[in-house]
Amino acid sequence: MSSEAIRAQWLAEEAEIRARLGAPGVVTLEQLRALTGLEFFERIGNGELPSVPIGVALDFIPVEWKKGRVVFQGTPKKAYYNPLGSVHGGYAATLLDSCLGCAVHSTLPKGAGYTTVELKVNYIRPLMADTGPVRAEGKVVSAGRKIGIAEGRIHDTAGKLYAFATTTCLIFPL
Amino acid sequence: MSSEAIRAQWLAEEAEIRARLGAPGVVTLEQLRALTGLEFFERIGNGELPSVPIGVALDFIPVEWKKGRVVFQGTPKKAYYNPLGSVHGGYAATLLDSCLGCAVHSTLPKGAGYTTVELKVNYIRPLMADTGPVRAEGKVVSAGRKIGIAEGRIHDTAGKLYAFATTTCLIFPL
Amino acid sequence: MSSEAIRAQWLAEEAEIRARLGAPGVVTLEQLRALTGLEFFERIGNGELPSVPIGVALDFIPVEWKKGRVVFQGTPKKAYYNPLGSVHGGYAATLLDSCLGCAVHSTLPKGAGYTTVELKVNYIRPLMADTGPVRAEGKVVSAGRKIGIAEGRIHDTAGKLYAFATTTCLIFPL
Amino acid sequence: MSSEAIRAQWLAEEAEIRARLGAPGVVTLEQLRALTGLEFFERIGNGELPSVPIGVALDFIPVEWKKGRVVFQGTPKKAYYNPLGSVHGGYAATLLDSCLGCAVHSTLPKGAGYTTVELKVNYIRPLMADTGPVRAEGKVVSAGRKIGIAEGRIHDTAGKLYAFATTTCLIFPL
């Protein structure tokens, strides 16, 4: 598929998912405890659970979730620029922290929670207001009983790589 | 000073700085090239250069800048929450990327630019909507001809540590 | 193939390569400058250039090299233990630093050099004296004009993952 | 003090400590469980517990330990070189992993153990065979109930900085 065709598809998928998302909010510990990681993403994706506040603030959404792999999509804008004329590194870090943490979460059974203890991001090329939609794709490298490790990449519709990241998550009983 | 007194002081300093900041925008390469790192922050701080778009999007500002040390301040809000009920890790990463990159920038002479090639963040405790104002303080560890390294910490008015980060920046002629 | 069959094959490959390696030493800048990254590994592998001093000190060797992917092999021993009864983390870091830096080097043309500016290692499970031979496999994630990024993994003959790492290298004209 | 005076002092301290160290070996879980982190280092330092195998392999020793700060000393040698003519990055990573993990260990009470989950090293300048003795100094940044974070630096007798590192350790009951 051409970059333009992929772009049209990504934007169509985004519109379809956005139509189902709930109002922003947070879940209770009871709600969290009762769901596997994948069930949790399903409920957010179909609007049964609230959508994510930071996703509203920086305008990005989850677009794919399966065990060990979660993808977010956003579109870089001038509103996220640093003073030097490209998107601030915090934007890529936010998308990557989302897809990496969720990739680890997607492997968890009911009753298990996680928290990100460490995130490392490599910045490869600048995101610009004309980059178009990008996807942050997180994949689990290792899911242990206490520690989960994931890696992720941000790429555009042409497959160009913008950032690469790895994370370490602590897993614990909720 | 008590945490409350520090809080009052931080908020007063923020109000004073905000009153001077310009409208958000980016600088031109010519403007950047003509200024040392410190002069660049001075011009942003006194409104001669535009304020930073991402700082508007996530509501944080620079509050201190000297050679080798730059501090940003923001106040965590529910609008930046992850679904699990605390501020998303991307918020801390954004503040830390700002103070770390700027700490390296603050050491640069006229005609030198930089880009962040790598950022690592350790998350120590969650930022919450009732945490109050926090400061992200970046300090240079090593400033070479080609590579700058900095470390930074986010702490609140009681001195509690929330996140710790290190960065690697590439330095080059503009 | 069974883990035992792979082990036999790895040890046979190691013996074959060791038979060709030269005495330990370093190369001159002139030698380095005259070779592409891959030619450099070829010359080390066939004994025309000296073998690597640290590889003698910690008993590991290169076993595969092609553009963008380099593999080292070693066998954990009690001599590399920490006081807590498993192989010290520095051993895995050394093998990973080797395969990651060499993966970046393997993409370089004549006249280009590199230096590692940053290495991050995730430790997944302990290496023990009875783990048997392990391979550290480095793969390039991104090779730019100035910065190369690679990721690597240490695994045993059963495919079990012991450590995961990423690196940032600075590339420059020699 | 001049660099030469510091060098003489460091080498004298090293000789004094080496005279007390035991033969290399590992401790049992029972021994480990019965000691606080600091008591553990005391016992290694006075030869009641074995010295550290990897320290023998790469010729470095602990020289200072107190709560939250542990220092190792070693002297770079040609035997640890990479093929490019400087000490391999694995040497610095090994010293830093030692001082960082031990800095976290030094804060632990009886019955608590730790394992390093992640180590990041920034390489600032090359260690050479004529660098002389160097110290790797690890300091705790944060010691929680489950996670310990430390930072460390390698410097020579002139105070020159060679490498900078941070680590994340998982803390657990033994």
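Labels A, B, C and D are assigned to the chains in the order they are written; within every chain, residues are numbered from 1.
Basically, a residue touches a chain if its C-beta (ideal position, glycine included) is under 8 Å from a C-beta of that chain, and two chains touch if they have at least 3 such contacts.
Please read all numbers here as calculations on a predicted model, not as lab measurements.
Listing every chain that touches chain B and chain C alike gives A, D. With A-D and A-C as the two chain pairs, more C-beta contacts join A-C. In whole angstrom, the spacing between the mean C-alpha positions of chain A and chain C is 32. Taking each chain's centre as the average of its CA atoms, chain A and chain B sit 24 Å apart.
Remark: chain A and chain D have CA centroids separated by 38 Å (rounded to whole angstrom).
Residues of chain D found to touch two or more other chains are 117-118, 120, 122, 147, 168.
Residue ranges of chain C in contact with chain B, taken from their complex: 117-118, 120, 146-147, 168, 170, 172.
Per the touch definition, chain D reaches chain B in the complex via residues 120, 122, 124, 141-142, 144, 147, 149, 151, 153, 161, 164, 166, 168. Contact residues of chain C toward chain D in the complex are 24-27, 29, 32, 40, 44, 49-50, 52-54, 56-58, 78-85, 87-91, 93-95, 97-98, 101, 113, 115-123, 126.
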